[in-house]
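Two complexes come next, and they have one chain in common, chain A, joined by chain B in the first and chain C in the second.
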Partner chain A sequence: MSQIIPHILNGLSLGLLFALIALGFMLIVGVMELINLAHGSLFALGAYFAMMIISPNLVWTGAVGEFWQAVPLSLRYGLAILVAPVMVAVVGMGLEFCMRRTYGKKAEYGLLMTFGAALVIEEAIRLVWGPSEQYLQVPQAISGAVLFAGLIYSKYKLFAALFAAGAIVLVWFFLERTPYGAIIKAGAHDSEMVRALGINLSRLRLLVFGLGAGLAGFAGIVLTPIWGLRPHVGIDAVIPAFLIIVLGGVGSFWGAVAGGILVGLAVGITGAYASEWSLLSMYLLLIAVVSVRARGLLGKKSALEA
Partner chain B sequence: MDALQAIVGRWVSREMLLFLLVLVTLPIWIEPFGLYQYLGVEIVIWMIYGFGFNLLLGYSGLPSFGHGAFFGIGAYAFGLFQVQIFENLLLGIMGAVAASFVAGAIVACFLSHRRGIYFALMTIAFGQVFWFIAIKWHALTGGEDGLLNIPRPALEVAVTSVGLGSNVALFYFALSVLAVVIVVLWRLVHSPFGKVLQAIRQNETRARFVGYNVWLFKWAAFSLSAAIAGLAGSLFSMAQQSAYPDVMSLHASGIIVMMTLIGGGFVSFWGPAIGVAVYFLARDVLGTMTETWLLWFGLLFVLVVLFKPEGIAGAWQQYVGTGSHRRVASLFRLGRK
Partner chain C sequence: MAELKLTRRSMLKKTGLATAAGTVTFMGPWYYNRVYAAASDKPILIGLTSDASGQYANSGASDRRGMLMAIAEFNERGGVLGRMVETIHIDTETTPATGSRAAERLITRNECAFLIGAVSSGVANAISQVAQKYGTIYLNTNSSSPTESGKNCHRVKFVWDGNGKNFAQAAVKNAISSYGTKWMLMTNDYVWGHNTSAATRQLVEQFGGEIIDEILVPQGTRDFSSMLLKVQQAAPQVVAAAVGGDDQKAMRQQVSQLGLGEKMAWINNQQDWPDVYGLPIENLFGVFGTTWYWKLDLPGVAEFVQRYQAAYPDTRMRVPGNVFYNGYMATKELLSAVERAGSTNNHKVIRELEGLKVSAHDRMQHHDAYMNPATHQMQQTVYLATANQGTEDQDDLFRILSQSDPEEIRDAGADAACMMESLDDTPTFEM
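So, the complex of A and B:
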């Protein structure tokens, strides 16, 4: 039994990271009823932007880049983790702007459109940063290993889980305790009514998409030191994200968090017995849950079902 | 005589004959265009795949993002049959079709009461399951490398035997399969069955209230479409002489959606064929000019979704329908003055 505990811990921290990936996806699905298949590409884009800030290409930036390289890594990393999500948010807003033509049509068009966008962003990454595997530097302070209860644990994974938990709490606070969150939730519930109350719905959607994209970018920065950074890393992010949302129930904040942790636990525990097959468990979990509960664990009726 | 004409008219159309005529002559003119015979094989195989897929996407309005799984199952089943059991062309193809039909039928049991986005999401999940199994089950599938050295068995009709070793021979074999698929599908979509599928696409609730067993129709369309994908997959494993998990990935499954949509599968029976031809020509023509041709193809796809969801076939229909071709012609006359 005691052998399983590290796997459960591993699963929990993985679950928090999965929940972090799913958060931005959840926001966009909840408010706009749009499955953003470009989520994974925005995730990858966040990591690439961060890499660009942390270790800029000296050929392009010249002396400024050389000066910046001399600045301590922790400072560069800190700036990257703040600025790169904003840059991704801007890209996301641009995407939302293009998406406007598909509103009011069948939901499949949104899906197709974001699939195309995902392909375009991935190819653009390949064009700019090349197809090979790269890595994102992290400061000394949060890399290396820690000993915890006789177990060696990667310090960065611990920090990543903390980052994820922090982001989840912040998003919860934003959604539940601020007037903006109330408007977003109201927009998810009944967008007609929100518009009737004089709130600019298209600006709301732009902001929500930006926020969702920014969260995707943030998740990318947190996760790529663990997963590695390559142009198609996004696919590893978007699949769990949509699994978690469907599992947890569309538009439910706690559903996304619970779904993320469940998927993390399933992957972590099956990893103990059959590491080769561990990722299969999340698909089987989804199929099992959705066969019984069509709306996922905590989902309410959604317009997506129609 | 008229009765005969009526029967023939139900099974074939003028466009069909024209389309097949163009393809029959393809081995003669493809090389002078600077392309190669194998491209023809690929195009024909993906057209089979696309026509089968459009039964689901265009006619029933069910977007499957996991159809690569059935294409892959067909390819693996054909390869395993040839390598593990014995070399036989037609039995191998039948085995592949049966395997993908069974897989599709099982998946369809989980999917047929879903619609819209939830349907699409579940197809992604199932597609990923099959893709994952194909990668991980080394003993059966050969893992990421896949099955290698799959033979191209000879076609045996009565006492004669025709080798399919050359790409031209394989092209004509695949083309005859395509011809059968087109005739059957054409008949099917113009039958009462096809009309019900279109009714489901337009309004599923209404179709149910009229009294159709919507679940069964969706199940049948999905299983049939999966079987055709498997048929295409078996030909593909012959063409490549190998079967590998790449064709089952989400990326590959998405590409067939793109092809069908760009061509105009929503408004025309011929949409998938146009889309497949455009995709492969783009790959080979743009691909020689730039490494990132998929970027430009993706942009084209995004533009089509945004501005012309009816695709190339839809644009053509509109162009002919509104008489704008005459207006364009008059513009040219103006220019000449």
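So, the complex of A and C:
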């Protein structure tokens, strides 16, 4: 029995990371009813922006480059984790601006638009940073290993889970305890009424898309020191994100968190005891849940349902 | 005037004969003896079937660069048999089904004379089945499942990389005596991983070791934490990993973060250069195999590296690795075989390749190499290497530990498993 405890704890930390990946995706689907297929590319872009801030190629600038490299890694990392998601949010807002002509049309327009954007962003990454494997440096203080109950754990992974938990709490606070969150939720519930109340819906959508993109970028910064960094790393994020929001219930904040944790537990425990099923386990979990509860764990009942 | 008497019986006979004659004309000689316009000025078209996306996108790009450099060198000398060599590339997406479609299209629509390229064994196997159907010679440049030259061998397919069994033979016996008998396997859950681990298991047991457990790693795994916890709980003396591509990169990063590389011995069957280039040297733990290294102290190696750098000045990978080398060597030997055969006729070129012998000097390896005519696998030197800790040169990642003669590491199982089609059963054509 004691053998399984480390795997449950590992599954929980993995689950928080999965929830973090799904958070931005959930926000955009929930408010804009748009499946953002560029989520994975924005995830990758966040990591590349962070890498550019942490270890830029500034040889050509001479003294500036030397000065920046002399700044402690922890400061550069701290700056990256704050600035890179904002940069991705700006890219996300640009994408939302391009999306506007698709509003009110069939859902396929939005899907194709974000799919195209995903391809463009991935190719842009390839052009700017090259196709090879890269490495996102993390400060010494949060890298290495910790020994607990005779087993070695990754210190970084524990910090990553804490980052994820922190991001979840902050997003919850923003949505539930601020007037902006109330407007966003109202916009998701009844956009026409929100517009009738004089709230600028275009600006609201811009903000939500920027926030969702920024969260995707943040997830990329947190996850890529574990997964590795390459132009197509986003594909590893977008599939679990989609799966988790369907599992948790489309548009449900706590559904995304619960879905992420369940997926983490499923992957973590099968990874230890039936590793060949570890990736498949999340799909089996989805099938099992959706078979008995089509709207997902915490999804709201559709008006069409009896 | 003779009266034409048309009875029901004669009508049936005539119709039957006409149908049979038509079928023979259409299906028989045409199917087995395609002769395309092989005009002397018509370029020789080669289909490149390398991955540009998916698990092996990075290695696929390196593979392709190797092929293209060899082709460019032939074209600079006036081509092959006076004909320029041209290429068409289709991304095989590290997916067997895409590999099949790409091969079918390159052969039937683009009328390619040859196909070259593979990193994934699953993709290589799929391509070679299509190639065999049409008789098109296919070079499996970089996939190293023992089955590729064993049970999945084909008359038209030639395998240029060392296989999992070759590398295991080079490493296992020494590792048992150096590190211990208690082994654990980490196996990528597809054809190459399974066959490589099977070869390792057989050798470990043969030399008195014990496999205490095997962890199957699904393709696309990014989080190895649960598997690495399990490894710690089992506490093996040696972990033999047959994990490739992006999976391997993620695994290396996570093993390195935990410091597990120093806690137990790691034997990584083969280490492809594109999978580690640019990563911190700490990620390069354990002992691993390779067929070539850019700093081998052998004639021609330095010039080869210079040619690579001249051909690809903007490539982030500043020096060539084993994947590039295999792509280059395979293509070069194919085009040389066409020249020796004096024709692109596939049967003639197959015979040339089956008798291929290459000196150590020309291979830039320590031993002479030859094509095994029974399996169509290049028998070549295999090197064991480890991380070159403490180096100042960012490109000098490997420290070569040993080199094995092709005969010492020969995969005898492949000879027994390979049931190749006869040449007569292989459609013939000339482009």
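What we mean here is this: the second predicted complex is superposed on the first by the 294 of 306 C-alpha atoms of A that agree within 3 Å, B and C clash if a C-alpha of one lies under 4 Å from a C-alpha of the other, contacts with A are read in each partner's own complex, and residues count from 1 in each chain.
Heads up, the rule we're going with is that a residue touches a chain if its C-beta (ideal position, glycine included) is under 8 Å from a C-beta of that chain, and two chains touch if they have at least 3 such contacts.
The structure presented is a predicted model; accordingly, all values stated were derived computationally and were not measured.
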Chain B and chain C placed together on chain A: clash or fit? clash
Note to self: Output check: A:10 vs chain B and chain C. Expected answer is one of first, second, both, neither. What do you get?
What the structure shows: second
Message = I'd like to know which partner A:127 touches here: chain B for first, chain C for second, both or neither.
response = first
| query | Which partner does A:119 contact after superposing on A: first (chain B), second (chain C), both, neither? | reply | first
Open item on the list: Let me test your reading of the model: by the given contact rule, A:192 touches which partner, first (chain B), second (chain C), both or neither?
Closed with: neither
What is the contact status of A:109 with respect to chain B (first) and chain C (second): first, second, both, or neither? first
Margin query: Quick check for you: in the superposed arrangement, does A:236 touch first (chain B), second (chain C), both or neither?
Written below: second
I'd like to know which partner A:291 touches here: chain B for first, chain C for second, both or neither.
first
(Q) On the A-aligned overlay, A:276 touches which partner chain: chain B = first, chain C = second, or both, or neither? (A) both
Chain A residues contacting chain B in one complex and chain C in the other 232, 276, 279-280
Contacts from chain A onto chain C in the complex sit at residues 3, 6-7, 10-11, 13-14, 130-135, 143-145, 151-157, 225-228, 230, 232, 236, 267-272, 275-276, 278-280
Listed in rising order, chain C residues that touch chain A in their complex are 53-54, 57-58, 61, 189, 215-218, 220-227, 229-230, 232-233, 246, 249-250, 253-254, 257-260, 263, 274-275, 277-280, 316-317
Within the complex, chain B is touched by chain A residues 35, 98, 101-102, 105-109, 111-113, 115-117, 119-120, 123-124, 126-127, 232, 235, 239, 242-243, 246, 276-277, 279-280, 283-284, 286-287, 290-291, 294, 304-306
Residue set of chain B touching chain A in the complex reads 61, 63, 65, 110, 114-118, 120-122, 124-126, 128-129, 132-133, 136, 250-251, 254, 257-258, 261, 291-292, 294-295, 297-299, 301-302, 305-307, 309
